[in-house]
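What follows is a pair of complexes built around chain A, which joins chain B in one and chain C in the other.
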Partner chain A sequence: MGTLVIKRLFQTVLVMLGLSLIVFLVLQATADIAAILMPGDATTEEIEALRHTLGLDRPLYVQYFSWLGGVVKGDFGNSYRYNLPALPLVLKRMPATLQLGVTAQLIALLVAFPLGILAAVYRGSIVDRFAMGLAMLGQSVAHFWLGLMLIFVLGLRFDLLPISGTGSWLHLIMPAVTLSTRPMARTARLVRSGMLEILGQDYIRTARAKGLAEMAVVRKHALKNAMIPIVTVIGLELGSLLNGSVVVENVFAWPGVGQLLVQSLKGRDLPVVQASVLLIAGIYVFINLVVDILYKYLDPRVRFH
Partner chain B sequence: MMGMDDLMTSPSPNATTGRPLRRRPAWVRWMVRNRTILPALLIIGLLVFFALFSKMLSPYDPLTTNLPEKLKPPMSEGHFLGTDGLGRDMIARLLFGARISLIVGLGAVFISGGIGVLVGLVSGYFSGKVDALLMRLGDIQLGFPSFLMAISIMAAWGTGLEKVILAISISGWVTYARVTRAQVLSLREKEYVEAARAAGNSNLRIMFSHILPNTMAPIIVIATFQVALSIMAEASLSFLGLGVTPQTPTWGSMLAEGRDYMRTAWWVATFPGLAILFTVMGVNMLGDWMRDHWDPRLRKR
Partner chain C sequence: MVAVALLAVFVLLAVGCRKADDKPKGADPAPKTGETGKQGGTTPEPEKKPAKTTMTVLLYGEPDTLDPIYSMGIPEKNILVNVGEGLFTISKNKEIKPVLAESYKVIDELTWEFKLRPGIKFQNVQPLNAAAVKFNYERTQADAGKMNKWAGDINIKSIEVVDELTFRFHTTDPTPHMLARIADDHYMMEPSHVKSKTPEEVARQPIGTGAYKLKEWRAGDRVILEANENYWGGKPTIKEIVFRFIPEEGTRIAELEKGNADIVFKVSPDSIPLVEKIPTAKVLSGMGGRRVYLGIRNTPENLPTAKKEVRQALNYGVNVASIVKNILSDKAVRLLNPILPPNQKPDLPKYEYDPEKAKQLLAQAGYPNGFSVKLDAFLGATLKDREFLQAIVDDYRKIGVEVTLNIMEKAAFGQALKDRKNSELYLHTAGAGFDPALDVRNMRPDHPNNGHQFTPPEFLEGFEKIRTIVDPKLRQEWSYKLQDVMSDGAPWVFLWMEPEVYGVNKGLNGFTPQGDEHLRVFYPITGDIITLE
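Moving on to the complex of A and B:
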């Protein structure tokens, strides 16, 4: 087990290096930074001079390694806009994003588990259809639209909830509910199909045959065994929540990394963009790693490739 | 496996008696048997129809502003779904948005599907070092949240339809590659492939005319889901102002504009959102249905 974890860690380092290369190539090499930094009426010579001062006329691989050298030490350079180190700017936004993501995940689980279990136990019934219909809606609705509709109905029409920003837990409700739809839908479907598979097993028939109440069969025998694949996907969903939070934060003016990222993208504030992208991707990779190791721990039958 | 769900939930007369009372035409029987998929097919059919004939169907030009007519509510004279903040007809803009959605959805699928299937074929067929390298590349790609990748690319390249399609398709190839590779690994040991090799067929010919056709079912299922994901991704990019050029009417950018009128004109943001919802739902339903009917192995995903 130990060596497998080390192997997996090594893989993760490789993935992170690959990611840094992508971030560098996409953002640094294709964008003309010197032209971005100079005022619009700058002459070609002035831009050329700045390019030289910034070292942008060096070969790409030299630029990459000097950039990477800084990144490893947490130095992404200064934000063009705030003229402050980029990484602390991003880290300051992290708690808000995590708060939103974790709340959304909790809401998703609280709704998805009962929904999925009921759908499986009463397969084919109206409950099942309702649950799966809801899951289909949750999977197909655009976050930003649902967010706007909630703002319109709950915020503007009935004035029940604050429509943007932070301050109280009331501010958290609408963005978290909006963000929870996708993981909720997927988890509900997964719980249903996992439960259906387990409920068809022989030992469930045995449990029923010995006269156990249906609730006990579901709770003690089925759910426990259905959990393993579900845990994996929940972990992976946590990663994809980060994707969704970029959009949702912008709808609700939630002061997290996603909002900062889009602001910086529009203002072409490259150091901040690179720091946020690499940080989010890093969290994503880290979650995948933890899930893999947990999976291995939960189910000894699983082997790493 | 065919139609198990239908048989169990509400059996049609044909299915229970096994012997139809009156023989209905084949397509009617197919539709009765597969009625769960009809709404999805209807939605997709309408989308394609609207996209193809948007110019003919559209009562107005989607770009022409008409300030005196701005923010007319739905059911106004001449504007069934109302007008936006610049007096442009909502129906006209929705129709052209359908076109963009369809182009992006299909374009992204063809690019990433093409690359992915090719990588999977090569990787699975030749295995060894090429395989290891390509699959590690895939791991790196999967480590990157796809939407983050797309917005970074859009920020670096600037707006534009072809850039949107590329940015969305870049991260999509891995799933195709993995599924194709797994299929190829098992297929290349099959006797018919051995026979084809013994008959003197070249590697290329075996790969493309003997193995590829047999990997298609799961690939089409993945492609269907990717159409839905791509339409959603395009809408999200446009919503953030990082998508197709600002003047082009897309559902995402219409929504972003509608955001400013939430208090006074609910329809500007509501209709494009509904269009996205129905389209994505129709495509997802089709994907689910195909997965259940064609490829039970994928069902658990």
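Moving on to the complex of A and C:
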């Protein structure tokens, strides 16, 4: 077990290193950053001077290793836009994004489990079709559109919720519901298929045959065993929620990392983009690691494999 | 079903737990009587509403910094224009008016003397004096070459303090555009504050002389300004300004409709009818300062567009009036010349849409059957670019010019221009300079954005003259000559001035969009005083 964890940790470090290289190169390759940062009427000399000040005139590999050296120590450099250290800027926005992501995940689970279980138990019935229809809708609806529709209906027409920004937990509802649609859909479908597979097993028939109530069969025998693959997906969904928050935070003016990332990309604020992307990727990789380790506890087959 | 039920529970909870202060603030409930929502509609006023003291402004982004020497974007300028003041500012009719300066005189062509208004204090009660101005400008000189927006075009060699309120700028070159340059968001910050704080702190806590001071900056969410009760120009009627940052336009307009906003920035042409339908709101628009044009490549000589007749034909060949009317909601004003009013020559010729004349000019230039060109553009630079570019391609097809759109990423576009690897045509915009020399600064032959390379000797001569002649009368003569050269030589396809469009609460008075996208809430000296009912 210990070796497995160490192996996975080692892989995680490699993944992060690879990621750092991609993040660094892709952004550096897109354009002449110094020219973009200067006012439109800047002379070539002024642009050259800025390039020198920012160290962008050095060979790429020198820039990469010097940047990586800083990153290891938690120093992503100063934001070009804010003239403040990039990592604290991103970290300051992280709680808002996590709050949104975790709430969305909770909503997703609250909806997805009953939906998936009902669909499996009443397979082929109208309940199943409705549940899966809803899941399909959740999977395919664009966050951007749903966000604006919620604003229009709940914020404006019925005046039930605040439209944008932060301030109270009421502000959280619409962005979290918008963000929850995709994980809700995917989890519901997975719960349904997992439950269906388990419900067809011999031990379920045995449980029913020994006279257990259907509720107990579903809850104790089926759901518990169906949980194993679902945990993996829930973990991955948490990571993808961070990506989804980019659109949702912009629609609802939610002051999280997603909004900062979009603004920084537009303004070519490399240190902030690099810090945000690496941090989000890091969280994603970390969640994966935790899920992998958790998996080994949940599923004895993995432990003995 | 479960989802719907859960959602319903949430909503019920939301309603149940709603606090009294969660109710929409801002405008009073929508009047039920027959307001049209359109500008100038009849508004029966049953009783006088009490004046509101908090104004909410919805910007589309967060400021990068509130250190004026680095601020370049509209969000930061709109906050800073209320916190700080410059020696001069741009007034409603686009004239340059003194603010902190009381008077100035040109000693010789390399020396400008300014006198400050007496008795002005910064928000930390320190006095504004000549030494403070010297400190502010020397700080920018020391930092030239970084992302400092004050240093360019100002040519300051040294600053001399003559007495407590008098100082002189000694310049390296004649700088006739000095006043326009220092009126361009050069806000004075209090020296002891700047000296005692780190650059990061200076960027977050500006201390100027303005009518409002910074109360709070909530990252990613809002900046709150409160009235400076010791303001030298009087007592502001609006006591608090809340600038919120909402990137999505639909969300900004929804907040306006709900009564949570008094001014919404950047309303696109498509959204104008939406705002007009809101009973408590109106649309305010003005001629913006951003010029939209197609640059036309003049080099190498074998290009069709190197011929003057071809460039003129390209100007006659676009139905600008139709695009403005049908795509830009009739809010944009036709562009006649790179140099803008009030410095524009009266009665400049206009290229009216005339496809026949365009064909004739093409034939004259040796292209009776037209030719093919590429047009570089990056999307998002200006309003409705996707739509009007198609209209332009169609118009050119009618005169035999086949245009292939080359849509690029913004950075790649900028790089191509800088390396002079741009196509024959490119879509670009340029901000107003409020001075002839500043209006044409990006036409300097070595300017990174100069992809047209328009360099006839008469242009270069005029360009040099308006940058160096200090005598206003003689300078105007040269400016008019230069404008004739540019109108005739057509380095650009002159399109339009991008409009400034705002959605505004009907109870708001005293706001006139003036072409620089600045919201001056309390500037008695220029007559800009915004009030709210």
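Quick note on the criterion: the second predicted complex is superposed on the first by the 299 of 305 C-alpha atoms of A that agree within 3 Å, B and C clash if a C-alpha of one lies under 4 Å from a C-alpha of the other, contacts with A are read in each partner's own complex, and residues count from 1 in each chain.
By definition in this document, a residue touches a chain if its C-beta (ideal position, glycine included) is under 8 Å from a C-beta of that chain, and two chains touch if they have at least 3 such contacts.
Bear in mind that the values here come from a model prediction, so they are computed numbers and not experimental data.
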| query | Taking chain A as the common reference for superposition, should the pair chain B and chain C be classed as clashing or as fitting? | reply | clash
| request: Kindly classify A:156 by the partners it touches after superposition: chain B alone (first), chain C alone (second), both, or neither? | output: both
| After lining up the shared chain so the two structures overlap, which partner does A:250 touch, if you call chain B first and chain C second: first, second, both or neither? | both
| Is A:148 contacted by the first partner chain B, the second partner chain C, both or neither? | both
| message | Output check: A:64 vs chain B and chain C. Expected answer is one of first, second, both, neither. What do you get? | response | neither
| query | Touching A:268 in the superposition: chain B (first), chain C (second), both, neither? | reply | both
| query | After superposition on the shared chain, which partner residues are touched by A:295: those of chain B (first), chain C (second), both, or neither? | reply | neither
| request: Examine A:164 and indicate which partner it touches, taking first as chain B and second as chain C; both and neither are also allowed. | output: second
| remark: Only chain B stretch among 63-71, 189-197 or 279-287 with CA clashes against chain C is 63-71
| task | Would you please give the residues of chain A that touch chain B in one complex and also touch chain C in the other complex? | result | 30-31, 148, 151-152, 156, 250-251, 262, 268
| remark: Contacts from chain B onto chain A in the complex sit at residues 5, 8-9, 136-137, 139-140, 143-149, 151-157, 228, 232, 235-236, 239-242, 252, 255, 258-259, 262-263, 266, 269-270, 272-273, 276-277, 280-281, 284-285, 288, 299-300
| said: Please output the residues of chain A touching chain B within their complex, sorted ascending. | reply: 11, 14-16, 18-19, 22-23, 26-27, 30-31, 124, 136-137, 139-146, 148-149, 151-152, 156, 193, 197, 229, 239-240, 242-244, 246-247, 250-251, 261-262, 265-266, 268, 273, 277, 280-281, 284-285, 288
| Touching residues on chain C, where the partner in the complex is chain A | 1-3, 6-7, 10-11, 14-15, 17-19, 22, 24, 61-62, 64-65, 67, 70, 72, 144-147, 149, 152-153, 199-200, 203, 218-222, 244-248, 250-251, 254-255, 257-258, 260, 409-412, 414-415, 418, 430-431, 441-442, 446-449
| task | Report the residues of chain A in contact with chain C in the complex, numbered from low to high. | result | 30-32, 35-44, 46-47, 49-50, 53, 80-84, 89, 92-93, 96, 107, 110-111, 114-115, 118, 127, 130-131, 134, 148, 151-152, 154-156, 159-166, 168, 170, 173, 177, 184, 250-253, 255-256, 259-260, 262-263, 267-268
